[in-house]
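Chain naming follows the written order as A, B, C and D, and within any one chain the residues start at number 1.
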Amino acid sequence: MRDFILIAGPCAVESLDEIVGIGKSVRGSGATHLRYMLYKPRTRSDAFQGVGDVGLEWAEEVKERTGLALVTEVLDPRDVEKVSNYADVIQIGSRNASNAALIREVGNVSSEKNMKVILKRGMYHTLSEWEGSFGYLGMEKSNVWMCERGIRTSTSLDHSRNVLDIGAICVLKDKGYTVIVDPSHGTGKRELVERVAIAALSGGIDGLEVEVHFDPIHAFSDPDQAIIPSEFDHLVRNIEKIREIYLS
Amino acid sequence: MRDFILIAGPCAVESLDEIVGIGKSVRGSGATHLRYMLYKPRTRSDAFQGVGDVGLEWAEEVKERTGLALVTEVLDPRDVEKVSNYADVIQIGSRNASNAALIREVGNVSSEKNMKVILKRGMYHTLSEWEGSFGYLGMEKSNVWMCERGIRTSTSLDHSRNVLDIGAICVLKDKGYTVIVDPSHGTGKRELVERVAIAALSGGIDGLEVEVHFDPIHAFSDPDQAIIPSEFDHLVRNIEKIREIYLS
Amino acid sequence: MRDFILIAGPCAVESLDEIVGIGKSVRGSGATHLRYMLYKPRTRSDAFQGVGDVGLEWAEEVKERTGLALVTEVLDPRDVEKVSNYADVIQIGSRNASNAALIREVGNVSSEKNMKVILKRGMYHTLSEWEGSFGYLGMEKSNVWMCERGIRTSTSLDHSRNVLDIGAICVLKDKGYTVIVDPSHGTGKRELVERVAIAALSGGIDGLEVEVHFDPIHAFSDPDQAIIPSEFDHLVRNIEKIREIYLS
Amino acid sequence: MRDFILIAGPCAVESLDEIVGIGKSVRGSGATHLRYMLYKPRTRSDAFQGVGDVGLEWAEEVKERTGLALVTEVLDPRDVEKVSNYADVIQIGSRNASNAALIREVGNVSSEKNMKVILKRGMYHTLSEWEGSFGYLGMEKSNVWMCERGIRTSTSLDHSRNVLDIGAICVLKDKGYTVIVDPSHGTGKRELVERVAIAALSGGIDGLEVEVHFDPIHAFSDPDQAIIPSEFDHLVRNIEKIREIYLS
């Protein structure tokens, strides 16, 4: 899709074969970037923490075989320089959305290497706080993809993990930010992903980041929110159709 | 618009001339119902409480001159029977979304007279609580318009009054409810109304309820969220365009 | 206890014998008022709705046999006059904390009959909104017992039903309100009731409203938060001990 | 005070003289530890970020002249080893409460050096998430001071910055954790600090962390919530009085 960032892939890289397989599939549907998550921030330390550095060794091969640019989340400022040698876009996740040390380091390395950065909104962030974190990057608005990923509220907990804040998207776009949306975390329920993703188009977003897995219920993390490749393809077709109207 | 409930009008009726004027205007743009609010629930008792019963005397003339059906909110079970003689649709507002006595009375009177009811979501309601309130009506899903009007969260307060819960809309539609959306309360900011209204279409909603005023900043209530007639017309044109794609 | 409002009793009246039994028991521990709840606001219409009007017929006997004044919640403005003939204190519950019609009626009847009113905080009420509802009563601060009963938050849901807002208690006391606390709803967990009740003393509260039941897990409603008579007695003894220090 | 952790001092170290002055003062009132904050996590990058490493050079002198142990917050895993050479207790702040890389590093260094750690609750943390972060430390419950510092809610924003969650304190104590309370962030209003601190005693807490400044309204950060030395002294005297009752 012209002028649209389309990041797709599993919550976490689980094996080389699996990530190449998903990469090829989502590339076929029109993805521009692969979610290539090696270090997983989890609530509990005894949960799966990602494959870690071994994934960096696979990076070259994955890029070659899938033809996609790689998005990798970093958790530790000591990893930023290293990861920047393999990944194309560095992501700062929701749990680290107020982690000034990490954000500064990512800003420095990415500025130097002219890389894009994804700055996810904290699940509890006001817009001012999110913009405050953007300020720690020291980067241009065009180089930072502000990613709305839903906020947690007591009112929504019985039907969705988070509530996507369409109003926040609109306000950020009006202020000149580059804005993408993660409808997977933004809902936490795969049956809502497509409808919420398409709703977000109305805010004039610049892209989407979507969890796609061959077998979501057996995924190592976030089993409830990943969609399967055929659903991703359906989603992309509908986005194309609706964007055409908006852009016409 | 075919098969789409389009309720528009001021937050509160302020005078006969004004409401007829707005009614004619929104009718011209395609509205099907007029917001005809006579009793205003307000946070403070010294704020404008609505014109009250005098508005009932105007009702016949308003209907005739605008050609629109009237939506009126009731606050007191003792008013339901009376109001049902003048209004076409009775609304239960967010502040009374857990008011069992009022909901039961509205359910009884509306069932008997075969009237539609709008049941707004409490600004703090989980989906279960909202469905619980629906149960107190004792009515069919096709006769109750469940109106999502945004939820209040600490994360959104610096940029919008409430956050529209797109996921809740989708879940209710999947359960067979009739769902409409109030993007005026759902955002609290007029510059967000159109974009959020259009976003909600993605959930397959059955209609919209929009605050329209000739001179919003001088409105007796909710001055920040009403749009003017030309903006309403623009909104309706875009809804038509987008719905065509969804329905095709 | 001198100068301390101590309301106790079951979530709902279940039978004449049971309420008299609990009343005698809590009276023995020092209660000044009996929770005498006949009309229960519930999330679902198919849940137990209270014994209703039959309880009014029992009222005289209950007062006589227990020696306690009765606190009764009303849900419907049409019931206020009637209930005021039997109850000593009328309660407006959290679900009706923004129900202007009910609050006005309670204010009118209570003013006329010189009765006290309990105005519970809405579970979603800001302090301004709660004070706004107080304004609808049209009564003096000394005649209205503002009852803090906890607020619902996404952060607390895995360990308690609500979070008691100690700061709000302090601010209201500083403004001259009469403030009581409901530690049963304020926590939703019986094992937290005593500690949270005693914590609230630090805010200079004027009383407590506590759910007490002979057999909580078989109570018709709120089984998790009622304490048994011996726990209530323990709580009262500790309150006496701590209040002595505060007042010394 | 016997067996009670009493941490006091300014939000941030502003100068050597000032911190020594406050240290001597709070020591005189009974403080056991000095807040010695050198690296300030702030919402905006153009706000005061702390005096930084120069404060480490002052540390020896400050300890000597005040007789107090030092509590220092770290923001960056690369600083932990260095800071551990000067500070007595390392604090992980609310903004980093889900920062797994930092928490792990603090756990490793503190375990090795047998230091205590303060783990503040995220302002949005459920109890499970907070306990999850505790798990990343890999330390004993007796060596980690879990610090409740209030949660942010939409209902409280008009009267306090956060709401102190007394219930959470009780649940953690029942599970065997060491729990301290920060009533300064827990309310955000100096006039509430003492009352909320004393309320927390009811949960059986092991200590307090309180912001004290000679001239709060001119403090470089958090001007609304610091108390002055005489207020701190008053607070300590009252804690002693109330604790005596609880412990008797």
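One rule holds in what follows: a residue touches a chain if its C-beta (ideal position, glycine included) is under 8 Å from a C-beta of that chain, and two chains touch if they have at least 3 such contacts.
None of these values were measured; they are calculated from a predicted model.
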{"item": "Chain pair repeating B-C, as identified from B-D, A-B or A-D when over half of the contact pairs by residue number coincide", "value": "A-D"}
{"item": "More contacts between chains, A-C or C-D", "value": "C-D"}
{"item": "Between subunit A and subunit C, centroid-to-centroid distance (C-alpha), Å", "value": "48"}
{"item": "Between subunit C and subunit D, centroid-to-centroid distance (C-alpha), Å", "value": "36"}
{"item": "Shared-contact residues (touching 2 or more other chains) in subunit C", "value": "124, 128, 152-154, 157"}
{"item": "Interface residues, subunit C side, partner subunit D - complex", "value": "124-128, 151, 153-160, 163-168, 170-171, 174, 187, 189, 191-192, 195-196, 198-204, 241-242, 245"}
{"item": "Footprint of subunit A on subunit C - complex, ascending", "value": "152-154, 157"}
{"item": "Subunit A to subunit D touching residues, read off their complex", "value": "41-46, 75-79, 95-96, 98-102, 104, 122-124, 128-129, 132, 135-136, 138, 152"}
